[in-house]
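These are the structures, in structure tokens.
Two complexes come next, and they have one chain in common, chain A, joined by chain B in the first and chain C in the second.
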Partner chain A sequence: MNHTTQLPDRRSARAGTGVATAAPPPAPARARRRPTSQQWAAWAFLAPVTLYLVLFYAYPLYRNIDLSLRHYTVRSFVQGDAPFTGLKNYETVFDDPTFAPALVHTVVFTAVCLVFQYVIGLALAVFFNQHFRLSATLRALFLVPWLLPLIVSASTWSWMLNSDSGIVNAALNAVGIGPVNWLTSPSWSLTSVIIANIWIGVPFNLVVLHSGLQSIPHSLYEAAALDGAGAWRRFWNITFPLLRPVSAITLLLGLVYTLKVFDIIWIMTKGGPADSSTTFATWSYRLGFGNLLPSFGPGAAVGNLLVVAALVFGLVYLRVQRKQYAS
Partner chain B sequence: MTTATTRRPRPRQARTAWWKTATGLVLTAVMLFPVYWMLNVSLTRDQDMRKSPPDLFPVHGTLEGYRKVLDEQLPYLGTSLVIGLGTVVLTVALAAPAGYALAHLRPRGGGVIGFLFLVAQMIPGIIMAMGFYAFYLSLGLLQSVPGLIVADSTLAVPFAVLIFTAFMSGIPEELLQAARTDGAGPLRTFWSIVLPMSRNAVVTVSLFAFLWSWSDFVFASTLANGGAHEPITLGIYHYIGNNNQEWNAIMATAVVASLPATVILVLAQRYVAAGVTAGAVKD
Partner chain C sequence: MNRTTGRRLTAVALTVVALATGTTACSSGGSSSAKGDDSGTYTLWDPYPQFAKDSAWAKLLDGCGSKAGVKVERTAFDTSDLTNKVLLAAQQDNSPDVLIVDNPVVSTLAEAGVLTTTDDNKLDTSKVDPNLLAAGQSGGKTYGTPIGANTLALYYNKEVLKAAGVDVASIKDWQSLTAALEKVKKAGKKGITFSAIGTEEGSFQFLPWFWGSGAKLTELDSAQGTSALSLWTDWLKKGYAPNSVINNTQTTSWQEFASGDYAFAENGTWQLANADKAGFDYGVLPIPASSGGNAAAPTGGEFVTVPVQGDTGRYATAQKLVTCLTSTENLYATDTTLSYVAPTSEVQDKQIAADAELKPWVEAVKAAKGRTSDDLGTKYPKISEQMWKAVQSALSGAQSPEDALGKAQSAVK
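This part shows the complex of A and B:
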């Protein structure tokens, strides 16, 4: 019992790295008018966080938009007198030969990671939803990849996938498959970062989907079993349809997360070799910080495209979540 | 004979359960293999590092890598500790009053604040980093510890506001009403009643705020790179960049950097569970 209660909360806990999963419990929506003195008190308590929101979310975001609309050099960046150039940075970015590959890689990376994380997460959630000894303990252990600092996971995977001395190639060699240049060959680098990122994302899917499974009434399964439905049919006719709302939330949140994955790719491959694993997130970073001569304008422009994508899916997520909350 | 028939189902049940536990153990082992590998490599001698195939167990285990951590990485670890604790304090100080206001004082327009926080979380970290960079450059806060604390807190504050609001909604209104009747103002109510009752939420928020700031790489590499005080994530990153060969030292640093996550997995389980039970009482 101890273990069944803690996981749903952990879900909302970790989700905070990106987006809150749980429906935000809004202040009780009782329309009773409150005295003005209480309004003053309420806003006094909210003032620091509101100021914080303006200073440290809104302002950096504004600076980023401003960066993308001006022509910056290192000097004008420091002096702050860069000329306004309108959408020129965006044009530069669209015409850049990196644009098309980065777009394709971002889409492929996000889609493949999502599919595998969801399928593996769901399979594990169904498995761990059964009662057996150590079930709760093992499920808790599955969270380890999720809690580790990304640089730890990324560097561990780098060494495991090392061409000459990595354990992965050693294992492949044992079954007669020649060495794969996971990180140094342009045809494998994207696959490598996808594998590492799936490993990191599976626990999130497992935890959210597991908590969703627990809200499916057990009596449904018993009734279906009495009607002679096998395990496979029970899954497709009960589990999967009833899990659809939770699945939608999981996938949308996963989408918002995965679009902005930067650390893993940058640490493992730096987007290379030859842009073969460059996504919008790593491209934006490389433009802004990766070169000796930073091009902040185009970097910010790429970043803003990413913001737009993340916000669109984020708002879809909020809509879906609100609809489910209301029903 | 009767005993045989009644006994029969039991061993079979026990056997399927045993089989499931075994499958679960294998799955967990596969999932955690990279973690084991990190430990194994951290204990491997330099001369065995390039061995093919690599040793599956640290048969010639050495603590050489960990000695290097002690020699070279302590300042980074210290910086990360300070930044982590600073982030915790800042996050709780900002979010706890906000949670109280949103849960009990019903501010007009409070819903908008909550919504803005949800949206703010969706901004990719790299964008925030670039904005902070431009911002800090003009303020002269680049490569400074306070600057990094503020930037790291943006990872945790939205989550913290959410948790505090949820948790404090569970504190009965009658209790606060009683305090008000006794003449306690909102500040006193918050400080003497709401905050002590929200201890579990404070612990949960603190643990995660610490973990996220400890793990941060994006802000560290953009805002603190090359400074006098760099956090442990940059320590590892420089290690990978500089001496590609000493993977036992790199992995030993990674093991040490993973300690907070391990501690939280052990400790937070209890606190998070306590938080949920408290929330469940309210329903």
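This part shows the complex of A and C:
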């Protein structure tokens, strides 16, 4: 749209509104049928976002749902004539012996990570809120895990946790504890990836909660201190309740991030040994890409289960928030 | 529900969906255009990202192109990406004119109808060793020609073996190998390292032992198969092999061997250049079979194939390009750069003449077997996945070798 066409448009629009407020317009029906230039402009502004959403979110999501409802073989994937099989892929996924362990691992991984990330993040946020010397510098240092590329941190963790030459086992050995097969024992692998993921997620919680703390008026603390409330009391009666909205969004975002964590697990254990650290995210990848013969249908089905899970928690968040506003 | 919550609901729903689809919707990503509009340009995809534009390989491609009177446009992919890229390209009718791809993938792509047979593309495969060509055959048809082959053998550290008092010539079967490992451990060194990671690499490394026991891929839980897995499991239990093998790739396994502490390492032809840099005296030994003789190791290496095109007129030029790439002199040059063994006897002789150290490797390649051979074709990937899972279960102690393989066999069916 250029200036020459825009100018008269704008004038007529102004005239139109002027008339509308002063007296009934001469031909209201016609005006309503044809969108005004303002509406056109609104649509034009909306178009890039809509296009972006459709191209990069709606269409892939539609394709993913479509993939999960068809029986794909490599041949039908190429020819594009995969037969529609309804929920067959989902049945395959539910009946798979990997399903139950993957579900348990996903729930445990997400829950444990969230709890520890939040608690440690909150503790650090309160700590750094004291504004002592170097607190800003230290806080910046705590951000490092968040800034590192995941492949770097995950590879470093897998070196550190190596059974034979890892620094963790060397340290344990120094204090007289026998070596632990962090990544290669079915009973430890999930713990190892959880530890690594907590380390990566703490800075995010720290930053968001710290900024939340700063919006709590200082006068409240002063008043409480005058009334004789101790540090514990002040935390539970002022900090925690006033931080609730920030906590809710931190936990929701953390949940979505944690549900889909893939890189760390894949780099550290490949979901193994023997599926002992397989979550839905790694399972979905393995079905679709981790084999010479990809099975796109079940892979997409597992992916959709993750999307649904994230969506459900999004709705739970909304309910909680609505209740908060109501009260 | 009021309007603001409604809007907020949509917003949260969209955010959540957006974040979650980030990981799940990769499968429907776009594909890059493989074909230029210019019909004088022919596209070639290879899994050799290590070769830059000014490498001998790239120059060879240009040379073959100008000989055929066309321009060759090359794209290099990471080998694990290539299968999906090719499938997507074929779906969009956008396949490259020439495709170089890892040999176990050939049968999958052939099954998908992506590749032309040698009947269509008129490639001459008569000089190629039949055991190598078998990996590219399925249903009685041939889908390409190997550019080179590699396989697995045992590297050994002469100093460590000498210190432990082990004579390499005494290692003839599994029993004598295990005895050697015991001696090495008693001498305070580490026994053997290999890769048992939960990917195709793990199956590739387990296969020589599996086949060496006399087992067949169609029956994973046979007594022979169990004996092969028990061999590995016992090595781990007794400390002859480190626990880290469960997570080792072939590269990390090599790094362990290169530390100089290990007596043996199961690894491939492609490590020869690194072995010379390792700083200790090493030797190479074919992997022994259970009761003597050499075990069949799986063949690695790529096939040169001609994907199906809408315009069948392109095959003639593609055939010229492939013939040029796999001509005797070019094979020699390429396989030397890749540290591969050539697929034809003619070039193999030339390689041995130039470097006598390659002799055990050429022998190993001659005894090697394609993973998709025995007409397994696209059944192989499924079997392989269950096999590496069973190996991981047994080595990590989650299940006994019998149970792990029994479970694997029932999952294949």
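We take it that the second predicted complex is superposed on the first by the 274 of 327 C-alpha atoms of A that agree within 3 Å, B and C clash if a C-alpha of one lies under 4 Å from a C-alpha of the other, contacts with A are read in each partner's own complex, and residues count from 1 in each chain.
We take it that a residue touches a chain if its C-beta (ideal position, glycine included) is under 8 Å from a C-beta of that chain, and two chains touch if they have at least 3 such contacts.
Keep in mind that what you see is a predicted model, and the values were worked out from it rather than measured.
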Which of chain B and chain C A:Asn304 touches, first, second, both or neither: both
Touched partner set for A:Ala231, first chain B, second chain C, both or neither: neither
Touching partner for A:Gly272 - first (chain B), second (chain C), both, neither: second
Touching partner for A:Tyr57 - first (chain B), second (chain C), both, neither: both
Touched partner set for A:Ala281, first chain B, second chain C, both or neither: both
First (chain B), second (chain C), both or neither touched by A:Leu150: first
Most chain A residues touched (candidates chain B, chain C): B
Partner chain in contact with A:Val104 - chain B first, chain C second, else both or neither: neither
Chain B versus chain C as contact partner of A:Asn291, first or second or both or neither: second
Contacts of A:Leu124 with chain B and chain C, given as first, second, both or neither: first
Shared chain A surface residues [contacts with chain B and with chain C]: 53, 57, 59-61, 63-64, 67, 77-78, 80, 158, 164-165, 256, 259-260, 262, 281, 284-285, 288-289, 296, 299-300, 303-304, 306-307, 310-311, 314-315, 318
Footprint of chain C on chain A - complex, ascending: 53, 57, 59-61, 63-64, 67, 73-75, 77-80, 97, 158, 162-165, 181, 183-186, 256-257, 259-260, 262, 269-276, 281, 284-285, 288-294, 296, 299-300, 303-304, 306-307, 310-311, 313-315, 317-318, 321-322
In the complex, chain B residues that touch chain A: 17-18, 20-21, 23-25, 27-28, 31-32, 34-35, 37-38, 41, 49-54, 93-95, 97-98, 100-108, 110-111, 113-135, 137-138, 150-151, 153-163, 165-166, 169, 185-187, 190, 204, 208, 211-212, 214-215, 217-218, 221-222, 233, 236-237, 240, 247, 250-251, 254, 257-258, 261-262, 264-265, 268-269, 272-273, 275-277, 279-280
Chain B-touching residues of chain A, taken from the complex the two chains share: 2, 5-6, 8-10, 12-20, 22, 24-28, 30, 34, 38-39, 41-46, 48-50, 52-53, 56-57, 59-64, 66-67, 77-78, 80, 124, 127-128, 130-135, 138, 140-145, 147-153, 155-160, 164-167, 170, 173-174, 199, 202, 256, 259-260, 262-263, 267, 281, 284-285, 288-289, 296, 299-300, 303-304, 306-307, 310-311, 314-315, 318
Interfacial residue positions of chain C with respect to chain A in the complex: 5, 8-9, 12-28, 83-84, 87, 90-91, 104-105, 108-109, 111-114, 197-200, 242-244, 246-247, 256, 378, 380-382, 384-385, 389, 392-393, 395-399, 404, 411
